[in-house]
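Look at the two complexes coming up: chain A is in both, with chain B in one and chain C in the other.
Right, the complex of A and B next:
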C-alpha cells in the first residue's frame, strides 16, 4: 500500500497555526513579517515570539513547522534573507522553504542540519532542475508548480530521490510560479520581489450605481453587474476583451481541489499534499485542514469516494465558489 | 555596448522565418539568438533547420546562440534540449532543468531572464555552473542591475532586454487555444495567424496584455531607446532587441544609429501603435512610461 502523504497546511497567524495542528495537519508552513515571504501582507505572519510559541505547540503535538523564506533576495539586502534563514535555524524550525539559489547555497553551507525544501516559487518543473537542487544544496523536498499533469508529476517522482510535494487545495495560479511578473507590470510589485501579487494597496473598488468596477493601479480588471458577486481583482482572473470577445482571457476565479484524485496522487508516490492560503483566516485553515485530513486518511481505502460533506466544506471556502483539477487533469489539453 | 537580436517569441510560417533570418545576416547586431522558446508544439522550423540557419549566420559574422524553451515540462522537452546541447555551440538557458543539462555537459551558457537572478551571490552561483553571460529579470530596474553587478564577484557579461513586447508570464495553459475554445493538443496552430500575438484590452479599451500561446506579454513595447546613453555607463555590455513581425529592421537600425551618435533621434512610437513603456528600468510599474529627461 502506498505511503500516506503528509498534509501541509498554511498559517498566517498563531490562531491559524494552532487550528491546523488541532485539525490534523502533519506540518504547518508559516512566514516572517517581512519581504522574505511570498505572503507579505499587512497584519499577517509571525513575530519571533509568536513563532516560538507556535513551534512549541506543534512539537508538543508531534507536528512540524516549515518556514517559507521564498521570495528572491534583493540585491544590496541579501543580509535580510540570510538573517531570516539564521532565525529559522535558531528558533527550531523543522525546515525552510527556499526559492533563491544563492540563498539555498547559503543555507546549505551555514545550516547543513536545517532541512531545505525547494519552494514552488523556485519554479522547478522537471526532475533535472530538482536533482540539481538536491545535488548542490541537499534539498530533500520540492514543491511542484501547478502546471504539470498527473503523468508528468509521476515522471518527476520516478526520476528523483527528492520528496515531491504538490498543491491539493487553494487558489489557483494559472501561471508557472516564479515565472510570472504580471503583478509588477501593473503595479511595480511582484511575488519574486515583494512577496505579493496584485497587492491590496493598489486595489480600488469603484461602485457606480448597481455596478462595481475593480481596478488595480487604475487598470480596469473586472466589472460586475447588479447581483454578480464582485471578486478581488487578481489581474490574471479578470475579464478582458480579445478580438471582440469579453471573457476571462487567462483564468476564471477558481480554486484547485484534488479530493477526487487523492488515491492517484498517493499511488504515484506524492510525499506531501499542500494547502494554499496563508492569507486566509484561521477558520479557513481549520475547515480545509479537517476536510483534507479526513480525505487523505480515507484515500488508501479501495472504496474511496469523495463525501458530499467534504465537497460542501471546500466549496464554501473556494474562490468564486468554483473548483477545478487544474493542470492535473488539463481539461484544456 | 553591442546589440543582440533575441529569440523570436512568435510562431511564424517557415518561409517567413527563413526570409527574416536571411535578412538579419546584414543587420547591425553582434549576436543572434535562434530557436523556439515558447511552445514545444511549434515545429515550422525544426532543430536541424535552426542549426543550419545558425551556420549561415555565423558565416555572415554573427555570433549565434541557441535559445531553449522557457518551461520544460515533459520528457520530450528535456530530450530536445539535450540534442541542442550535443550539437555544440553557445546556448541560452531559460529553465533550471536546462542549467543542469548544460553544467553536466560542461558547456558555457547564457543565463536567461527567467532564471530569477536578483542578487550577487545568486549570479555568482550561476557563473560557477558555467554561465558566461546573464540577462537580468525583466522587472529589474537600472538600480537593481547596478546593485547586483556591484555585489557579484564573478566575471560575467550582462545583457539587458532593451526593446520588445515583454514576456511576462508562462503557463501550462495555451491562451491562444483557449481564445478559440480549442484544446491545447489540437490547437490548429492558431498562433500562426497572430505574428505579434493577440491583444488583450481592458473593458475600457486600454491595451494591456498580449497573448502568445502559453506566454503572456505586455501589449505595449518596452523600449530603452531613450535610456541608451546611460546603459553603457551602467556596465551593460549587450542590449537585446526582441524580434517583431514588422519594422524590426527599422528598430535595429535606430538603436545602432543612436549607439554611434547619442544625438540621433528616431520616432519609435510611430512604429508601435500599442505604445511604448519603460517603467521597469526606472523602478516603476512595467506599464509606466518615464518621460525622457
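Right, the complex of A and C next:
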C-alpha cells in the first residue's frame, strides 16, 4: 500500500493553528507579520509569543510547524529576510519554506540543521530545477506549482530524491507562481515583493442597493449583482471589457478540489498534500482539515469514494462558482 | 433566524447609544485579558460600525488611544450582516470570507481597517473568557 501523504494545513492565527492540530493536520504552515511572507495581510499572522505558543502546542501533539518565508528579498532589505530565517531557527520551527535562492543559500549555510522546503513561489516545475535546489541548498521537499498534470507530477517524483508536496484544496489563481506581478499594474505592489496580491489599503467594496462594486486603487475590477457569489478582489479574477464583451478575461474565481483523485496522488508517491488559505478564519481551517483528514485516511482503501458530506463541506467554504481538478486532469494535449 | 416584523419595528425605533455603551464598556473591561499585546494604534482615532443588515441599526465605536469609545456616523468602515450571521461568525461556525463570498457579509469604507478587525477577532483566544461561564452554557457556546 502506498505511504499516506502528510496533510499540511494553513494558519494565520493561533486559534487557526490549534484548530488544524486538533482536526488532524500533520503539519501547519504559518508566517511572520512582515513582507517576508506571501500572506502579509493587515492584522494577520503571528507575534513571537503567539508563534512560540503555537509551536509548543503542535509539538506537544506530535505535529510540525513550517514557517513560510516565501517572498523575494528586496534590494537593500535582504537583512529583514535573513533575520526571519534566523528567528524561525531560534524558535524551533521544523522547516522553513523558501522561494528566493539567495535566501535558500543563506539558510543552508547558516542553519544547516533547519529543514528547507522549496516554496510553490520558487516556481520549480521540473525535476532538474528541483534537483538543483537539492544539490545546492539541501532542499528536502518541493511544493509544486499548480500547473502540472498528474502524469507530469508522477514524472517529477520518479526523477528526484526530493519529497514532493502538491496542493489539494483552496482558491486558485492564474498560477504564474513566484512570477506574478499582475497586481502591481494597479497598485505598484505585488505578491512576490510585498507578500500580498491586493493590499487591503487599495481595496474598496461599494454596495449600491443589492449590487456591489469592487475597486482596486480606484480601478473598477468587478461588479456583483444581487445573489451573485463574490470573489477575492484580485486583478486576475476581475471582469473586463474586451472587444465589446465584459467577462472574466483572465480567470474566473474557482477552487481546487482533489478529493476525487486522492488515491492517484497517493499511488504516484506524493509526500504531502497542502491546503491553501492562511488568510482564512479558524472555522475554515477546522472544516477543511477535518474533511481532508478523513478523506486521506480513507484514500488507501480499494473501495474509496468521495463522501457527499466531504464534498458539501468543501463546497461551502469555496471561493467562486465552481470547483475544479485544475491542471491535474487535462485529458487534451 | 429572522427577526419577527413587530419586534423589528420596535427595534428600529430604539436609540443606538445604550447597546453601544454596553459594547464599549465590555471591550474596556476585557481588553487586557483578551488582547494583552495589542496597543490598538491601528484603531486610534478611527471608527467601526457593525450594522444589522435586516434592521438598519447597529453600533458605532472607536478607540481614543486609551479606551474604546462610542463614535458618530459615518464610520471609517462599516460591516453589515444579519444578526444570525454575526452569531455564526462569533461562534466560529463559519468564516467571514465564506459569508462574504455568499454575499451575506458586506464591508464598505476602509477595507484595511476592517481586515485588521476581522483578523483580530480570528486571533483572539476566547478561552479565558469562557472559563468564567457555567459549564452548561459554556458547552453550548463552544464548537
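In this text, the second predicted complex is superposed on the first by the 320 of 333 C-alpha atoms of A that agree within 3 Å, B and C clash if a C-alpha of one lies under 4 Å from a C-alpha of the other, contacts with A are read in each partner's own complex, and residues count from 1 in each chain.
Definition applied: a contact is a pair of C-beta atoms (placed from the backbone, for glycine too) under 8 Å apart; a residue touches a chain by one contact, two chains touch by 3 or more.
Values in this document were obtained by computation on a predicted structure and should not be read as measured data.
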| item | value |
| --- | --- |
| Partner chain in contact with A:212 - chain B first, chain C second, else both or neither | second |
| Greater chain A contact set [chain C / chain B] | B |
| Contacts of A:161 with chain B and chain C, given as first, second, both or neither | neither |
| Touching partner for A:112 - first (chain B), second (chain C), both, neither | neither |
| Residues of chain C that touch chain A when the two form their complex | 37, 42, 80, 92-98, 100-103, 106-109, 111-120, 122-125, 143 |
| Partner chain B, residues of chain A touching it in the complex | 72-76, 78, 99-103, 105-106, 122-129, 131-133, 147-149, 152, 155, 174-176, 178-182, 184-188, 190, 192-193, 217, 219-221, 223, 236, 238-243, 245-246, 249-251, 327, 330, 332-333 |
| Interface residues, chain A side, partner chain C - complex | 12-16, 41-44, 47, 49-50, 199-201, 203-207, 212, 224, 226-231, 279-284, 286, 316-320 |
| Residues of chain B defined as touching chain A within the complex | 70-75, 77-78, 95-101, 103, 114, 116, 118-126, 137-139, 144, 147-148, 150-151, 166, 168-175, 177-179, 183-185, 198-206, 208-209, 211, 216, 218, 279-280, 283-288 |
